[in-house]
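Below, each structure is written out as structure tokens.
Note that chain A is present in both complexes that follow, paired respectively with chain B and with chain C.
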Partner chain A sequence: MDPLFYIADTLVFAGIFALLTLSLNLEYGFTGLGNFGKVAFFMAGAYTYAVMASAHMPCYLCLIGAGLAAGLIGFLITFPVLRLREDYLAIVTLSFGEILRITIKAQEGIAGGVQGIVVPGAFAPFTDSVRLLALANIGLVLFCLLFTFLLVQLLTHSPYGRILRGIREDETAMQAIGKNTVIYKAGALATGSVIAGVAGGLFAQYISFIDPYMFLPLVTFFVWIMLILGGPGNNWGALLGGLTVELINRGTRIAKDYLSLPVDPNNLQFILFGMLIILFLLYRPQGLLPEGPVKTAARKEVLRWRSSLPTGS
Partner chain B sequence: MAKAVELAVEEVNDAGGVNGRQVKLYQEDDATDPATCLTAIKKLVELNDVKLIIGSMTSGASMTCGPYVAERKVLLVSPSATSPELTGQPWRDYYFRTCPSDTFQGKVMAKIALDEGLKKAVILAMDNPYGTGLAKVIESALGGEAEVLTVIKYDPAKKDYLTELTQIKNLNPDGVFHIGFNDDGRVIYQQALNLGLDKMRWIGCDGVYGTGMFATKAAAEFMAKAMVGTRPASPEGGKYEEFRQAYLAKFNTEPEVFCDTIYDATKLILDACAKTGTDDPAKVREALLSLGRDYEGVSGRLTFDGQGDRISGVYELWAVVKKGEEYAFERVRLIEAE
Partner chain C sequence: MEILVADRLIKDFGGLRVLNEASLTVTEGTITGLVGPNGSGKTTFFNVLYGLLKPDGGSIHFRGEPITGLPPYRIYRKGMALGFQIPRLISRLTVLDNLLLAVRQEDGTGLGTALFARRHWQEKEKGLTYKAREILELVELAPLALKPAGELSGGQRKLLEIGRALMADPVMLLLDEPAAGVNPVLGRKIYATLERLQREKGLTFLVIEHRLEMLLDFAHYVYLMDAGRIVLAGKPAEVIAHPDFYTIYAGESYQWLS
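On to the complex of A and B.
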């Protein structure tokens, strides 16, 4: 017994799901794109990582590959899709997730089909110590999470982020002031997909075996729950949402050892999530942490930077 | 299935427990999802200090949990992960199975076909690990003695199989191996009867066994005309009957599939603890390997090979007979698979 391992495991899972929530936040929270196919990009990342790692490539290359593959798919798929209205976007992305899953399931040649594929651990060749392994896994996930958080935070608090919010509030107005909204939306979706892909790669590495049954649309809905609870449009909220849901998830399991509940604890968890979603949407639609103002630099400061530039033209 | 474990633990505790201590049973739901199962097992091991676990229920979950239990040196005994893919994995030291691998059923199905002198066969299999795993075994067990014209995989959630069945009709084989479940099986057999595919021999598996098949009259008629099949046989009488009576008395329902193997898994673990006088997984593991030689369990005689796979299984060859207006499954004979 070593509860530290369990805490480590919780942190890794919460970190991976926080990554997914951050990516959905960029797409939905800031840009207003209802992506209901999150699991597709998560899956694309996981499988890319698995295939590359099976070919004995180093972990960092696999992770980059996972992100790029998911990003590329995100970029390609969203181009025809972005011209659709919001609800159609949701339907198309949702079905795309299923198409990708069923394709991988049916094609044994890609990655084992229904039998799944074993993913070599990234750190296993370097150490036998279970403690070091756990530490390395946490380190890797938290590093990716920190990096992504800073990236998304900077992106959304830049003029670029302001345009994304503008598209969310009133797309026609943004077009009227000369912004090519399709390019911006595709950019947001591609970036979100890269993040989801990296999360998928981390997941595959940590779990060490993946099969198509692990990537049901339920995963997408979990990410949505995390974002709605945490607060769409707030990156801290996305982190908090990911952690909260993971804790509820595990908490119900642990609680049943001490309480005798009238319902099965695993069903209780779903009842709890359903109630939370309804209550939040009714009484606190902005989530635990509401969206704050855009923190771009003040105009005066920007003018001062600009005048200090050597070219001066 | 969990009920069978409760029964076994209760019996042992009523008889004074193991090594003078009562057995405490923790239960977690693995939702048949590999990631959920891993989380659940980590919770048991790291928070509840559990060292001996009965699980995982599915082969996929075994693939995620196997490496972890080997790392943490806790024992995992699965009553129901039947995939042949689990054989020979590098993490097998702390992982046992009390159910026979599908390899045996596949061999038995192939043997039936060869005994009947079939020359050209089609394999119709569900596209899931169970279906594709069995299909692979059948194909290699036929070993060229009968030709496999094609392997057709289908999605068991479909409501119509005319495409697949027409393909079979055009290939015109002597026999069809079908690996499916009840829900898809009913539709397939009904449509196969309409297409006149009842003239060839159909060989089914444990998935299409069950009185649920008779809910569709046409499917029952088709099975009576064309089908035989296999399933892991619960040995008649003796220990199984004792177990069944105890189960009936406690829960007032018949034991389901895998209840016998999970009961055996529980009893074997507890016997191994009693034998070594400890619950240290490394020692229990050794004891399991030596206890698991011709062990008389409720699921029949059980022997483990060196890596903890059950090395033989007894299978029943079944057929469907019509008695008056009713249909019923009938045991043709028992086949021992090696």
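On to the complex of A and C.
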């Protein structure tokens, strides 16, 4: 096979997972919400895209639809538990992912059920060249990634983002200073779900066939590994984590053919990821790129007048 | 004129009645003290007044409006602020961010405005830094403005907690031992600052305080609490002169005060 195609494939997947990591970063990294059902919103986006694209709607509409559907589901699923302790959110999201997957698997009528559904490619009508197709896919994913990155960057370096970080640290204190924390948590989860939905749409479009077996809880855990490695609370870290983990993932798949190991080589990456998680949580919980300060005009202003103080620190 | 009226508040924790028909009235523009032995229910009283706990009976009125059972964020928006006994700062954010978080109606705090009214809130935020600076200078934390709040010492945290409560321009502050954990000179300074704010801006303070000399010097009115109810009320000198004050609270070694 064309080695360029393998690189292109890696890039597309790294981009899609970076999107998921950015969305988890908004929820967990900034707001402290443990969403253990990321795959559910990814899946909702993928299936919405598949159904809409099968109805011959244009690609951009399908992507918007995928984002909105996932966002709406995210809001409806999580809103009732946001008043409860945070562990309940983890339980509800984790189980919702499984419920969604098993429901679609069991229902012939919903988007092909267990047999899966073919997704028409967005660029297929325009070209037959495999290389051009790969390039177009990379372009689409990178465009969405860039747009999302700018969005979350602007959002997290604003008074809104400051409140999200405050909620992560001490929700009661934030209520005591006038913040309706439930609304903020719902906003972060809905936005995160929209991003995950778009990632799902891109995924469906790219691989052109989806079935329920692609949306195992493993996807969620991969996203968590990416965020923990990259650096929760840092959007650059989320990008880096997505790319690094995807490269390790691909690298170990190739490496296992050349290594002789005392264990089943297919398990190599799971051993590696497990070790990485433990090592990072123990020795570098802030991830590769630690969280930075909230950058707004106020910070610049204070930097300016602080330099004129006699005892600056 | 009374700004805060609590009428026969009841709060039960399981079978334990922590507030037993506790009532109190705070007059606008005064410093009112709340004293009582440990476990008498002072902090619970504050938590109920501020909506952090829902009362099991009784009513609370703030500026003539009923606020019984409202969540704290709505009480805050009505102009009351609370300083916790143990400061609850956002430790990974800077001192400056902690102050900015407390602004009552800050622009750019909504999902939409944060993104689409960027220039607008950036401009407003620049203006807010001047106010933040004033408060930081008041509590002597200006050089530490960009330090994470978690790196402050215990006394500095206490000061920042008060500064944060002031950032919202409240009309009334509930402060749980504002001078606890700071040295006596700074403690007096905190009270002198509160008194100045009361005199110049007409702010109202309700403070829990264990240092009797502070109450004698700064408070206009004092309530003594015991076992979930108010047992004595009056001007500081009157309360301190009352024999019950010693049996319930201060102990005989403090008799010299009267």
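By definition in this document, the second predicted complex is superposed on the first by the 296 of 313 C-alpha atoms of A that agree within 3 Å, B and C clash if a C-alpha of one lies under 4 Å from a C-alpha of the other, contacts with A are read in each partner's own complex, and residues count from 1 in each chain.
Heads up, the rule we're going with is that a contact is a pair of C-beta atoms (placed from the backbone, for glycine too) under 8 Å apart; a residue touches a chain by one contact, two chains touch by 3 or more.
Computed from a prediction, not measured in an experiment: that's the story for all the values here.
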item	value
First (chain B), second (chain C), both or neither touched by A:209	first
Partner chain(s) touched by A:180 [first = chain B, second = chain C, both, neither]	second
First (chain B), second (chain C), both or neither touched by A:127	neither
Touched partner set for A:297, first chain B, second chain C, both or neither	second
On chain A, positions contacted by chain B and by chain C	none
Chain A-touching residues of chain B, taken from the complex the two chains share	26, 28-29, 31, 33-35, 38-40, 42-43, 45-49, 60, 63-64, 67, 71-72, 83, 85, 127-129, 131-133, 153
Chain C residues within the chain A interface of the complex	50, 52, 71-73, 76-77, 81-82, 84, 88-94, 96-97, 100-102, 104, 106-111, 113-115, 118, 121-123, 125-126, 128-129, 132-133, 142-147, 164, 168
Chain C-facing residues of chain A, complex	151, 154-155, 158-163, 165-166, 169-170, 172-181, 187, 191, 291, 293-294, 296-299, 301-303, 305-306, 309, 311-313
In the complex with chain B, residue positions of chain A that touch it	1-6, 9, 13, 105-106, 108, 113-116, 118, 121, 130, 133, 207-211, 213-214, 250, 253-254, 257, 264-266
